[in-house]
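The first chain written gets the first letter, and so on, giving A, B, C and D; residue counts start at 1 in each chain.
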Amino acid sequence: MEAINYNQQELMVVNAARLLKDHDTVFVGVGIPNLACNLAMRTHAPNLQMIYEAGVIGAQPSRLPLSIGDPSLVTGSTSVCSMYDIFTLYLQRGNVDVGFLGGAQIDQFGNINATVIGDYQNPKVRLPGSGGSMEIAAWANRCYIITPHQKRRFPARVDFHTSIGFLTGGNARTSTGVRGGGPQAVVTNLGILKPDENGELVLAAIHPGVNFEDAQANTGWALKKSADCQPTSPPDREELRILREELDPGRIYI
Amino acid sequence: MEAINYNQQELMVVNAARLLKDHDTVFVGVGIPNLACNLAMRTHAPNLQMIYEAGVIGAQPSRLPLSIGDPSLVTGSTSVCSMYDIFTLYLQRGNVDVGFLGGAQIDQFGNINATVIGDYQNPKVRLPGSGGSMEIAAWANRCYIITPHQKRRFPARVDFHTSIGFLTGGNARTSTGVRGGGPQAVVTNLGILKPDENGELVLAAIHPGVNFEDAQANTGWALKKSADCQPTSPPDREELRILREELDPGRIYI
Amino acid sequence: MTKLCALHEAVTRFISDGNLIYASGFTHLIPFAAGHEIIRQGFKDLVLARATPDLIYDQMVAAGCARKIIFSYMGNPGVGSLRRMRAAIEGGKLDWEEYSHFSMISRLQAGASGLPFMPMNPTGAQDLAEQNPNYRQLQDPYTGADVVVVPPLIPDVAIVHVQRADVNGNAHVWGILGEQRLAAFASQHVILTAEEIVDEAVIRSDPNRTLIPGMVVDAVCHVPFCAHPSYTQGYHDRDNEFYLAWDEISKTEESVQDYLDEWVYGISDRAAYWEKLGPKVHQRLQAGERLSEPVNYGDY
Amino acid sequence: MTKLCALHEAVTRFISDGNLIYASGFTHLIPFAAGHEIIRQGFKDLVLARATPDLIYDQMVAAGCARKIIFSYMGNPGVGSLRRMRAAIEGGKLDWEEYSHFSMISRLQAGASGLPFMPMNPTGAQDLAEQNPNYRQLQDPYTGADVVVVPPLIPDVAIVHVQRADVNGNAHVWGILGEQRLAAFASQHVILTAEEIVDEAVIRSDPNRTLIPGMVVDAVCHVPFCAHPSYTQGYHDRDNEFYLAWDEISKTEESVQDYLDEWVYGISDRAAYWEKLGPKVHQRLQAGERLSEPVNYGDY
């Protein structure tokens, strides 16, 4: 069998897409999550429902959206509503199955910092802040994170809880009363981290050609490996064709 | 000068219309209040803004509306919104100057009962209930009531507070924290009652040909007369022409 | 995946005895056809919630479908009282739970939003709150002032009539909106009845008009004239004559029974009902045409 | 009674130094022309509130108009960070008050609704609430569970761009709605900028499209292309190239000053700005046509 070449972005998009289920309702961001959703829709999840934070349901963009509020998301969509409605009627009401999250730091328990490096009142690096992620992390049934695997991005503890994963683990998350299940997977260029029964992120799958030591070297805590840790299947020809030819022919995100 | 004939409905409509000011935003009901608003708009208050509880702003009905949700209120109006929005963005926010109220009983302090005669749990007569009147009475800047003057309609105390006027008088109303000014006038077929400084309804104006004893005989408490109680001017030709020819040619409400 | 089915099938599948039903519509879009179908199928012990019960609930109460009503204004709009419901309450035969319009709709807003309560400013009117323990008070944590709250209303089934929908349940609604959208989002299941079933492309031509998205809809039923004797903006007028006639019909149990026999039990569905109304009524209720000025979404 | 006036006049009349301003629009309809006019008129000490400050507030901060920002996501959407605002915060030169999107918009919802607070379900994320005393907790009086609340936001002036409005300020808006409607109802004064001023009959042909009623509007300004480099659905596209270019321009105070000199101080109004952009940009941003299917309101 001939080897198939792919880059790290493609690898992450493909693995994220595979986590989505048919009929999932997904809160989509732009960029990599948007590609993952559209790839899933064109492969195993034709009935995926995409919602954009800007209030758009059922978008059929005629081009790759470059911002979360791209006009091409609106034209030809099934419904558009206000920002208050999207956060109440959809997200808080429990109509969202999957949310995608990102941030400068993700810690051992899947908590995310997208707010500040250093002291909040005297910031060393001021980041964009929550946007919708505080609520998405709390109220979507499942959350996924897609991020390059680098030690500075995976500290043992985040400087600031912009949105929560499993806090300090155990029942810390459920005792806050949030409705969603929290982060179910972190897809990186090295593999996939998933929470164990205590809410700690452990290496649950590993990409072809990567070994555990690579992952540990790029993680800020003593990384565990799940008992059933398996290699992921490499992106297949069809997945790559869709990504490259249909979804992002200008190679903006891949 | 030739005498002008008019009936009691016409008398009440004309006197209610005169209470409205140009640029007032009015929460309008169907029937008599609707006629009063349209009459005011065609005479001294051309910039009156009419809002209907059903969520319609700036209606231009091509016929006399027969229900509060008549389709002719919608066609050609300037804006339509949901019921939640009309009660929050308009009424509770303070965008409504005038509300019209009605009910089976109005008492000495302008409190209204539109809920029940007798015991609430074992009603003798079950009435329709609040609808929007509980909130209109509390939050519109000014309220007006238009009703025939009958003793059973004007008890000293209502059986049930569907919506409040001045409660027991004094600062009882203001101490509840409601934003509106409460009932400013009750227009009847005998005259106009207005609250005195203690919030008690007193006879503030009297229609042509009516005397104080008529009013007292039809009121369920010892009626006072305000110091400046004057006769009202009778409906004039133009007011009656507009009412009869333009607003209610089918004589449904007049 | 089409959700299209006959109304009788949707009612059978999604409604059960004892359910809390919200048939929505403030004077407009009241789903009479669905109410009649519920009567025909003989459901019992329903809890019927509606801001304005209107004739539809008067008929369902008269037919013995309800054990309780939840409401904020129980009148025949522009005519008078709802005689059957009033008699049932005065006779101790019907349980009830009562609100003002705003607190009723605030309950739906809380239910639709997934919130544990909605706050309201005080109205000073205490008597209803004393009778209904769902009204509670809080202190504004900023000023210490009193705030009234009501809990979410989460019906088992909402029935919502709309002007046009696609087979997935994405629905365009215009004219008086009442609580249509909130009832759909608040409820566990939604039966959508539509005046027209249109191609998805029509819905997608104007996404801002889609107040109810297919994802919250369980069944889509094509039921023209569903709302008669209330109305559907742009499709047919309100039949005020029937609202007046009901005031007479509802004076006795016997005349109501005769009405139900003839107009509900005696016919199979809304198409038969509409045909039975006859051409004179059809003509009287014609809507005429006043089209909206289109907007451009841009060809992005 | 027309409220039509020039944008510079509206800004002069309704804005004062120190005001709390909400220039609304979530990625769409961002009123850049009004921001530029505020810069030109040299206002100081403004408190600038916006869920997503976007380039418009980055420019206003760089121009020295602001003493504080209130926000929930401070980024250059799809590009990166807002460098001037970030530098001002990191340098201790700008005060700020921070929320999540939902709590920011809940503040507007409370303001627009005349409510003392809006409840939200807990998110478990405590760090921001610990830094911002406007977040408070209540107990759900029904279940005892925790509820987070935020107080109303009542700006002195909202600036809201719309597609079409009549001279009274009744406005049709479509596409992404963001917080347009809430900002207008929450604020003490509203400056409306419109892509087109249309006859009242156009507005009245589709009242359900009127999200902002004239009664809350103080000034109506005819400002085509007001939103560039953001966009107006159906009128022109988003200028993504400029969003990328700003990432470069905003790297130094000097290049920002050069930009402001050339594109803000150096021109008189939006018409001059648009002309200066030139035909190539005009062409690149064309919207094309995708019209909504009309609806019938009925000739009642």
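Convention: contacts are C-beta pairs under 8 Å (C-beta built on N, C-alpha and C of every residue); 3 or more make two chains touch, one makes a residue touch a chain.
Since the model is a prediction, treat every value here as computed from it, not as a measurement.
**Q** What's the minimum number of touch steps needed to get from chain C to chain D?
**A** 1
**Q** Which chain's mean C-alpha position is the greatest distance from chain A's?
**A** B
**Q** Between chain B and chain C, what is the separation of their C-alpha centroids in Å?
**A** 29
**Q** Which whole number of Å gives the spacing of the CA centres of chain A and chain B?
**A** From the centre of chain A to the centre of chain B is 58 Å.
**Q** So, what's the distance in Å between the C-alpha centres of chain D and chain B?
**A** 40
**Q** Touching two or more other chains, which residues of chain C qualify?
**A** 114-115, 120-121, 145, 174-175, 177, 181, 208, 233, 237, 287, 290, 297-300
**Q** By residue number and range, which residues of chain B touch two or more other chains?
**A** Within chain B, residues 56, 70-71, 74-76, 80, 92, 139, 179 contact more than one other chain.
**Q** Could you classify the connectivity of these chains, where an edge means two chains touch, as line, ring, star, complete or other?
**A** Per interface graph, the chains form some other shape.
**Q** Where do chains touch, given as pairs?
**A** Here the touching pairs of chains are A-C, A-D, B-C, B-D, C-D.
**Q** In their shared complex, at which residues does chain D touch chain C?
**A** Going by the criterion above, the answer is residues 114-121, 136-138, 140-143, 145, 147, 149, 151, 163, 172, 174-175, 177, 202, 205-206, 208-209, 233-235, 237, 287-300.
**Q** State the interface residues of chain D toward chain A in the complex, per the touch definition above.
**A** 26-28, 51-52, 71-75, 77-78, 81-82, 86, 89-90, 92, 98-102, 105-106, 108-109, 120-128, 131, 145-146, 174-182, 231, 233, 237-238, 240, 243, 287, 290
**Q** Can you check the complex and tell me which residues of chain A touch chain C?
**A** 25, 47, 49, 56-58, 60-63, 70-72, 74-80, 88-89, 92-95, 139, 179
**Q** Within their complex, state which residues of chain C touch chain A.
**A** 1, 112-115, 168, 170, 181, 185, 200, 203-204, 207-208, 210-211, 213-216, 297-300
**Q** For the complex, which residues does chain B have touching chain C?
**A** Interface residues on chain B, with respect to chain C: 30-31, 53-56, 66-71, 73-76, 80-84, 87, 91-92, 115, 120-135, 137-139, 160-164, 167, 173, 176-179.
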